[in-house]
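The structure follows.
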């Protein structure tokens, strides 16, 4: 006979404010099979957990229902408590009285009644639970880091320094990401490249790190501890092992007018190129889309001038497959280009720039060697306008969120401008100044007070060009909503940060979830900010949400910590919530008739054929078998099996049907 | 009892990763909705057996919600695609049998769509309220006996 | 002896086949299935429009298994059933010889599944006009009328499971109706349980039914539940481009397209 | 295909030259327009501010008549009429209840599925492809294309391309041999909403438009809206007084410009009806 204990939690007042917890406990006491039913203020507290442990021991419980918050929150807590009292953890279930009841309904009879129904449902389920035992799987102690920006670099170094192997995949010819493009960093104004490049070099030289640049992740199969990643190494057309990085080829390449990605289109590069002087690896690649030889079949100048004879025009793309135990996604972000903004001229005014373009102008390694000059005529702008929230926080533009980094970098830009153009006038149009962070508010104040940057609270409705000037029409809401018109020489738009193109596709490749803006979703917004919903895949940096450098680094280190914890054991235990094909006594052996129509329905190729043989080795029957290492427990096969020969542990036919029956019982 | 307002009984079959989490978010966001709906958790919409829907109606459910991850967002890659095919065919079969498919709401609700979950529940509840209690299906358990008694 | 009789006799006398399954004259001007092993019995074989029972159903029966090959007189629906069963790993190629008789009366012997598959794939399942009309008639009813129509029809069912026994696709050793933990389908034959049984049967035949109509022929009460599978075949044509038994294709419900179209998911 | 034609009041009242030029180029290019039978006011001026039902019913009746005439498309040259018809189609089309109540008012079922063409939709699709061969007198002038607000806003409902910097008139003018200047006032407000009540505002707003066009060397302004035309043309004296500056800048409808390039007699294009004389070197 079942001996079920029910533990109703008040969650302070989170549940008890709308649900009469004592009534729920009383009602549950009357359910068949329930031998113990109490309510308590905080079931998850130590005394609360002790109540569960004691009840299991004293009343010899065969199942436990904790009626409290979402199982996505505290299921591990309560299962652990049960386990400590000697009850198999999978004989503990949770009724979600908080997220699914008390928080979403008004106080009243109906709400308490629903709570009782939810408890009844879980009591009926837990009566049918079976003790389950974790599945042990080996762990491959190599991590895959996707993306070589500052987040990826930090994660890779931390994992590698923890003694584990790392494979880093970077799409561009060099690692470094957006941070390598920045001039100075807020709030210290130290040089971005000066602090980044040593890290880049460390990645390249680290014995535990294998670096694949100019490469993309194209497939990921498997599961935590046992992934198989497929990487496409795009042909660089240069033999990296021979190339000395002398860069003679890049000086001789006849294609010299290709807009440089690194310089955000403000400078030019050649077809065989190194994206920037401090690139890692510092070896050129041929951009096939622009190379004269690949386009016309003639040229090969680079091949002629290469002293090491390292050019390989016939080099193919290479697909490598690697076994990894964990993945860190650190693919970063991108920004809207000026063409996104109709009211700011659809990108047709050369002196209307994005924030990243301004970074390149301000950078000593940039196209103007750090002098702020107009792309149109090379003149030093006397008046400059910065516009924050260009696209961000603007539902009409489809971006409701705050891009978070712009307030700070705009203050930095304005400061850098004032430091370089002493007599210049700078204006910042803003909605709010969001400067939360260590020394951040002080930094913005410095821009306003010391560097005399004019902050105007209001939006800019239009920018147009007239006689070589950019007319910026806006409003100053702090000056009686006065219309403001500024004749500027340059305008910098703090355009919204957005997910990388292809982020959605990558998420689908990796089976991780993503939000409506294609940023990858963390497993819990507060408590699991570096994990994804897919075990073994972690997030670092701006691919999850816009964040600045210190936050990206912190999250990357967090992700690396998680990976190192995972790698600290050679075996991993997995929840046994997987599908199982039944087995029975001879002569049937299983009710499975071996039609194998379940095979194509399985997303993990986890269904195998098992031959049942007699003693002489003759095959009597071929039936399906679920490989417990591959099965992820989706249960698609279970719903598909006509003879109901497959069941899924934790969500068995008996359990779910009992839940449905219980929820509709006696009204 | 006769003058009591009809409060429909609705069972929701949802997947753990998207809609269950989405409904959690509804809670975390304190968005209110009608208490008529009770959620049964499944690992994936792919796990939801069509028989369960029949059992729910047979047991007196007035309405059913089936919800999971949006296409391409399935935690298990394709469980929801399989489920979608299953629902396309099951739904047309039910309709052909004269079973009101208007009592079943099929939906995709992601883990980020707490507000959508609340709206979905409220819409379903008000639609089922308009339709009234669903006794046809439940009653056929007794249909033959009634026929016999009638004669 | 006619062509198929000669082939059957030849297969037995040469020892190529150990048994022949076909039809012979039964009582009251009906045909009955026949299983024989001696060549001289081949002359009792008949094949005409009365041969509507789908004898592919016997191919998966334990009792029928022999040491040697089985030759089967196969109408087009029987041939479709064989391919469908083969695609579900229920038949092995080495065990079966198909003496096919096409709708036009041509006799074709198939020794391997590939040739049979090619032939079956060259045909398509078409729902007969009289059934299409009936389906349209039901579809045109209001929801309540449809419900009452089926309630009346299905209330008659007393769960003899002749439909299941007649269907070659119902070869499970333990049918879900016989499952009692949990009890999916109630044992008594009340109308609700009958609904559940027939809905389940239709869903289990989704994408597998070869439209042989043997189930309806077997029903002692003439309940038109075959309309359910027939309507489904028509609907699948609209929704997923239809299906044909094949060794290569995937079952409709165990496969999908990312851009499957529907208009009801909110 | 039959293209329906809804003239509205301006084409017959304040802006006959617009109508004349539309008709003239259509007949020159062999395009026939079928006037919607028994049409009524679109309600653009007063109705949509004062009475919502009336504001919906008036355009709905026009659309119903077009449907009854078997017209799948209706050309609506007046920008205000076009805007009203599109807005009403959008509003009623999305709302079943509204459809029912409008049907009740009209005393016939609402049928509003005709495709509503603005003059620019029409010119771009049906006239532009025919032009290259027919141009007799290329307009070798710098001009400014002024679109105003009604043809582009609300952009999501009108589905206007590049609503802050539309291009369709510019393309046509370039085809005619003119140089269309890049300027910033293409869709700025001319003040038409206050054209009668506060002429001072019109003088200021329309003045800025003229000023920028003149400053960038335009020799004429090309418009596609009777309201824009009357403000820039009829109110010219007031503008010049207000800004204390004279503008030698005639205002032409795009259809008149096309007519000139096709070699049609300026009188037939209504070019003699303007307040600011059009004396372009052609």
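Just so it is clear, A, B, C and D label the chains in written order, and each chain counts residues from 1 on its own.
Methods note: a contact is a pair of C-beta atoms (placed from the backbone, for glycine too) under 8 Å apart; a residue touches a chain by one contact, two chains touch by 3 or more.
Everything numeric here is computed off the predicted structure, so don't read it as measured data.
Asks: Remove subunit A in your head; which chains still hang together?
Replies: Apart from subunit A, the chains cluster as B, C | D.
Asks: More C-beta contacts across A-D or across A-C?
Replies: It is A-C, judged by the count of C-beta pairs in contact.
Asks: Mind checking the centre-to-centre distance between subunit B and subunit D? Centres are C-alpha means, answer in whole Å.
Replies: So the centre of subunit B lies 52 Å away from the centre of subunit D.
Asks: Determine the centre-to-centre distance between subunit B and subunit C, using the mean Cα coordinates as centres, and give it in whole Å.
Replies: 33
Asks: Counting only residues that touch at least two other chains, what does the list for subunit A look like?
Replies: Subunit A, residues with two or more chain partners: 601, 640, 653, 657.
Asks: Got the subunit C residues that touch at least 2 other chains?
Replies: Touching at least two other chains: 176, 184, 253-255.
Asks: Touching two or more other chains, which residues of subunit B qualify?
Replies: Counting only residues that touch two or more other chains, subunit B contributes 50, 55, 72, 78, 82, 86.
Asks: Go ahead and list every pair of chains that touch.
Replies: Touching chain pairs, listed by label, are A-B, A-C, A-D, B-C.
Asks: Per the contact definition, I'd like the list of subunit B residues that touch subunit C in the complex.
Replies: Listed in rising order, the residues are 50-51, 54-55, 58, 71-72, 78, 81-82, 84-101, 105-108, 120, 136-138, 140-145, 147.
Asks: Please name which positions on subunit A make contact with subunit C in the complex.
Replies: Those residues of subunit A that touch subunit C are 588, 591, 593-601, 622, 640, 642-645, 653-654, 657-658.
Asks: Please give the residue numbers of subunit B that touch subunit A in the complex, ascending.
Replies: On the subunit B side, the touching residues are 7, 9, 11, 16-18, 20-21, 23-24, 26-28, 30-36, 38-44, 46-50, 52, 55-56, 59-61, 69, 72-79, 82-83, 86, 110-112, 118.
Asks: Would you pull the subunit C residues touching subunit B in the complex into a rising list?
Replies: That would be residues 138-139, 141, 143-151, 155, 176, 184, 186, 189-193, 195-196, 199-200, 202-203, 206, 227-228, 231-232, 235-236, 239-240, 252-258, 260, 262, 264-266 of subunit C.
Asks: Please name which positions on subunit C make contact with subunit A in the complex.
Replies: 88-90, 171-176, 179, 181-182, 184, 204, 250-251, 253-255
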